[in-house]
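I'd like to ask some things about the structure below.
Here the chain labels run A, B, C, D and E in written order, and each chain numbers its own residues starting at 1.
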Amino acid sequence: MQDSLAPLTLDGHYLLHEMFRVRRGEWRKLLEERRRGLAEAAAGLLAKMEKRPDGASCAVAILGQKADLMLIHFRPTLEDLHQAQQDFAGLELRDYLEPAGSYVSVVELGLYEMTLKIYSELEGKGLQPNTPDFDKALAEEMARQRERMKGRLTGAIPPRPYVCFYPMNKKRGEIKNWYAEGVRRRSEMMREHGVIGRRYGEQVSQIISGSIGFDDWEWGVDLFADDPIVFKKLVYEMRFDEASSWYGEFGPFLVGLQFSASELGRLLEGQTPALHS
Amino acid sequence: MQDSLAPLTLDGHYLLHEMFRVRRGEWRKLLEERRRGLAEAAAGLLAKMEKRPDGASCAVAILGQKADLMLIHFRPTLEDLHQAQQDFAGLELRDYLEPAGSYVSVVELGLYEMTLKIYSELEGKGLQPNTPDFDKALAEEMARQRERMKGRLTGAIPPRPYVCFYPMNKKRGEIKNWYAEGVRRRSEMMREHGVIGRRYGEQVSQIISGSIGFDDWEWGVDLFADDPIVFKKLVYEMRFDEASSWYGEFGPFLVGLQFSASELGRLLEGQTPALHS
Amino acid sequence: MQDSLAPLTLDGHYLLHEMFRVRRGEWRKLLEERRRGLAEAAAGLLAKMEKRPDGASCAVAILGQKADLMLIHFRPTLEDLHQAQQDFAGLELRDYLEPAGSYVSVVELGLYEMTLKIYSELEGKGLQPNTPDFDKALAEEMARQRERMKGRLTGAIPPRPYVCFYPMNKKRGEIKNWYAEGVRRRSEMMREHGVIGRRYGEQVSQIISGSIGFDDWEWGVDLFADDPIVFKKLVYEMRFDEASSWYGEFGPFLVGLQFSASELGRLLEGQTPALHS
Amino acid sequence: MQDSLAPLTLDGHYLLHEMFRVRRGEWRKLLEERRRGLAEAAAGLLAKMEKRPDGASCAVAILGQKADLMLIHFRPTLEDLHQAQQDFAGLELRDYLEPAGSYVSVVELGLYEMTLKIYSELEGKGLQPNTPDFDKALAEEMARQRERMKGRLTGAIPPRPYVCFYPMNKKRGEIKNWYAEGVRRRSEMMREHGVIGRRYGEQVSQIISGSIGFDDWEWGVDLFADDPIVFKKLVYEMRFDEASSWYGEFGPFLVGLQFSASELGRLLEGQTPALHS
Amino acid sequence: MQDSLAPLTLDGHYLLHEMFRVRRGEWRKLLEERRRGLAEAAAGLLAKMEKRPDGASCAVAILGQKADLMLIHFRPTLEDLHQAQQDFAGLELRDYLEPAGSYVSVVELGLYEMTLKIYSELEGKGLQPNTPDFDKALAEEMARQRERMKGRLTGAIPPRPYVCFYPMNKKRGEIKNWYAEGVRRRSEMMREHGVIGRRYGEQVSQIISGSIGFDDWEWGVDLFADDPIVFKKLVYEMRFDEASSWYGEFGPFLVGLQFSASELGRLLEGQTPALHS
């Protein structure tokens, strides 16, 4: 097993995070009836997207000026994801929203420990990586893993009211370089990292997505909780573990309130939407 | 006690800093009577927010072009904070203000020395971290601390005329890395840092808020003083202590004049508001 | 052979990547007939560009808010490239598109191993670099290489539906510095890098272009595949090889769907275009 | 004397640099008479500001697209500074100017050598820093220094035609860290730095202002000269001294032509204003 | 001779690079006759600037979206440079151009080897730097050099069709720091750098300008060639020399086509201008 071995991953549904700011001045100029009509049309589309059985969407009201609204779309293919983006862009409401950022990624289950186990087993049987026999055995094992974890690959949206989203990288510095660490060392650090995560397991649901090759950071992290202070506690505590203290690089953080499509009108009319539960 | 132990914190009210620039050209085009009406409506909302018993707001006139106006909202929940943002956004005045930045955080009392003390005591009694007994004893102790410090958790706004706001991080470099230092070492550095702060205790009131998981820096710092030169003296002197010289990373600084809601009209009409006292 | 020897390269057609966002609000205000007319004129120009025998163009629908549309123009000269840019800018459709980034480069075949071989041979014959005899022999050899590889220098656009584009640099840090490594060491690392690339050879077609002296990064990379997950797998796996882990610096990533000119109207009307095949 | 001792400083008038771009398209649309009226009103305000006995303002025509106009306001208090900003913002001309940056700071005389001398003397008398006796003696000494240098604290604007402005920091790297150097070492480096400055003393007048706690860099530097090539010679030569080569970090540079209020109209009408002398 | 000695330089004409994007939507709305009138007026001004005997201007059509048009003005004084900027800004065409960047600098001939020679000679005669005798002898020598090189100080614009412009710095890192290297070491590295430059001497004409104290990078580089691939070859090869690999920092690159004033109308009407020769 090479030191530079990349971990195996299971990749599931594609994700698009879309952020928007409301053009309040323009919106306010519309007659109330017109506003209601545009909001209802948007809520109707969003309600359909919420209920999709295979890859749904959800809406989040964002705190602060970075965005007013964030949509997270999960879809089985990039074409479906593009069509979701097009459908929302096709709403008349969109003339009153301005783009405030987006993120393209794919649900990713990292299998560090499994990688070591599978490679050890296959190499124990005398198979060499990048040979047809090895690749076939590996593909069979990955198919088993995919079947076992399929429930976590489609990004079912956790029904919790608070949402935190941020992208991250593993550092490639001139001294500290995640990608130059050996696969066993990386696996140990990820295990330690996972221990903290599991301690918060009941309080936070997380969806990790990979974006290497798709967007500007390497991963996206979505956290869902019933109490927002848990976001701070979890991320702060993790910052002291080795995988994060030396190797974690964190992008902009967004925090907000998940709400259901039927609350979109209230948000646009200046109310805080009822929390999703 | 693990070297990588995260400090205990007490978390209080949530904060939103909202910055705005006045669209002077558009504002000037309004009739004086209309301007007066919009300013009065805004001042009325702000006056109510100033007087909230549980989590108030204050207004600051900013020097320079980064912003003309900064609002700081303290609220007990994220929903309350979102509603404050929505209420201000719902004013007709907002059509004449453009967003110029924001910051989401939560009042945080860091308890480095207390962390060492509590962990030492509990470990002295033979309790191990992350066991039910330890967690129960810790929760009881934290409840006592919370009760003892509750006055400092709701962010009562200091009645001083000058305000300085900036966000900051602790460095995670390839050599110098706050999060890789042992908890005792971090605690010592924070104590030294605190000594300087206390020397300025009479001249400056400060509110530290945590924003890990909420916004792009790790902490926000609000300073309030009766003489603005004290901001420079304090921040400059602290820059030489070890916690800051090697580990402090500082974001953009804003400085301005706190004023009460009744002065908002004067600010909008081109006067410097009477200072808050 | 000097340690600081630059690798020989074969340079082919010039490339311009142009990214655009659709001004949806303005576009929507047009009558349907007018929209159809503008889209048809643009599709007509694009169709001609797609069919150019010597340096064509292709169109990509981008995921997320970075851009809606990316064009890639390959042309034999900078003047031709400029005229392509001017022709597209001259469309009435352009009033409904806003610029969202661009990239200027030239198809580049890096010849690290060939460089070592040629220099060794010529020096073996007693020729010294930067002398007339050496330069003449080198020029003859390069002409042979150019003839041998000419099919790969004009950037024939791979007929695969998914496209990934990103720019990159080789790091020039204070410790890790690609340009200060000896030519043999660089050649070895590029060979290792190429081994991974070749394992993905059937799944991905790539076009490398050089942009030193032309744009802000040193290279542009265009990947074309039949399954977009391959972009992530390839780029992730490569990130662990030495040429990338220590020396690769990566710019923003764009991912999208290649489509043919005849689908442009559908894209503009809010549909996901049929995939190019 | 602690190694981490911060240098004593004398702080004088507050400064605001305001930069603007002319909205030429809008400006040109006005009738000439209207333009003349707006320019005269602005020139009138500026003329009054130029003549203020206690903290004046000056105007600079900037080269390049970063700004067309820079104002530098010196005022005894932050309120006065805010009122200057408000007064200029209240001009009708401001509808034809767009903000292009600003900088808030305070005239600062750094007293490195004096700091060592005073601390040595007081410690020689057996006084300990941060005790009442020490603080009293220090305050008396600082009052004497303030009296001695008061002419340099109010920022009298040098009557020279060329102006260069830039902000700067002292580096806090992971290896090279100004704030972690001992006070004697810092003092030596500042002395060496001052020697170069004094060699240019006749050719350049400089005003150093401190902005820690007020704006995003630590200091602002304004240089005034009779020949602009001197800016380059001075800053280039200084870049090789130790205080700058290892520790200086420089922000954006602006260079321009100082002019008097009566020339504002000519600037706005497309002429280069007569140089201030 | 001090190790920290700054190299002597000869400074010539001042330069302003001005970049613009065409507001195509607005431009297209004009009647053809009006467009022709505005283009002719601009071409007329530009033609006069092209023919100035003492400090001319030239125009470049830029590839990609960074800019459509770059002007380079050479003028003997900053006032002349400002007037050039004002004259172009005064054109009605400017309402259809938006600023896209600028750069202020001064033609600079670096004299590293000459510096060593002069200082050695003068010190050999027993003269000490920064004494009146030394300064007098140095001034006389510099006057001779200026006379000798005067043809290269006024920035005569090379009549070659392709232009590449980029700004650069010498690195001041924590380990690798150009400004902390001794003057002899710096001189050696510049000599090695110059050897490569001279090998390309027939293919490329270059103008180096200094911008320390004037703009945000330390130097600007303008390259002019008959074949644009030479820009890439030259800059790539130089990147491996020590002065560049460890110490060069490069800003954004622009590449384009030089054209004469009479072609401006064609550019604005959507054609690629005939190349300047």
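A few comments on the model shown:
Operating definition for what follows: a contact is a pair of C-beta atoms (placed from the backbone, for glycine too) under 8 Å apart; a residue touches a chain by one contact, two chains touch by 3 or more.
Source: prediction; values computed, not measured.
Under the touch definition stated at the top, chain A and chain D share these contacting partners: B. Rounded to whole angstrom, the centroid-to-centroid distance between chain C and chain E, based on C-alpha atoms, equals 29 Å. Here the CA centre of chain A is 47 Å from the CA centre of chain E. Chain contacts: chain D has residues 174-175 touching two or more partner chains. In terms of which chains touch, the assembly is arranged as a closed ring, every chain touching its two neighbours and no others. Contact ring, oriented from chain D toward chain E: the chain order is D, E, C, A, B. Against chain D, the residues of chain E that register as touching in their complex are 4-6, 9, 11, 14, 16, 18-19, 78-79, 81-83, 85-87, 89-90, 92, 94-95, 99-104, 106, 130, 172, 174-175, 177, 179-180, 210-216. The residues of chain A lying in touch with chain B in their complex are 21, 24-25, 28, 61, 63-66, 162, 164, 171, 173-176, 199, 223, 228-229, 231-232, 234-237, 239-242, 244-246, 248, 252-253, 255-257, 270-272, 275.
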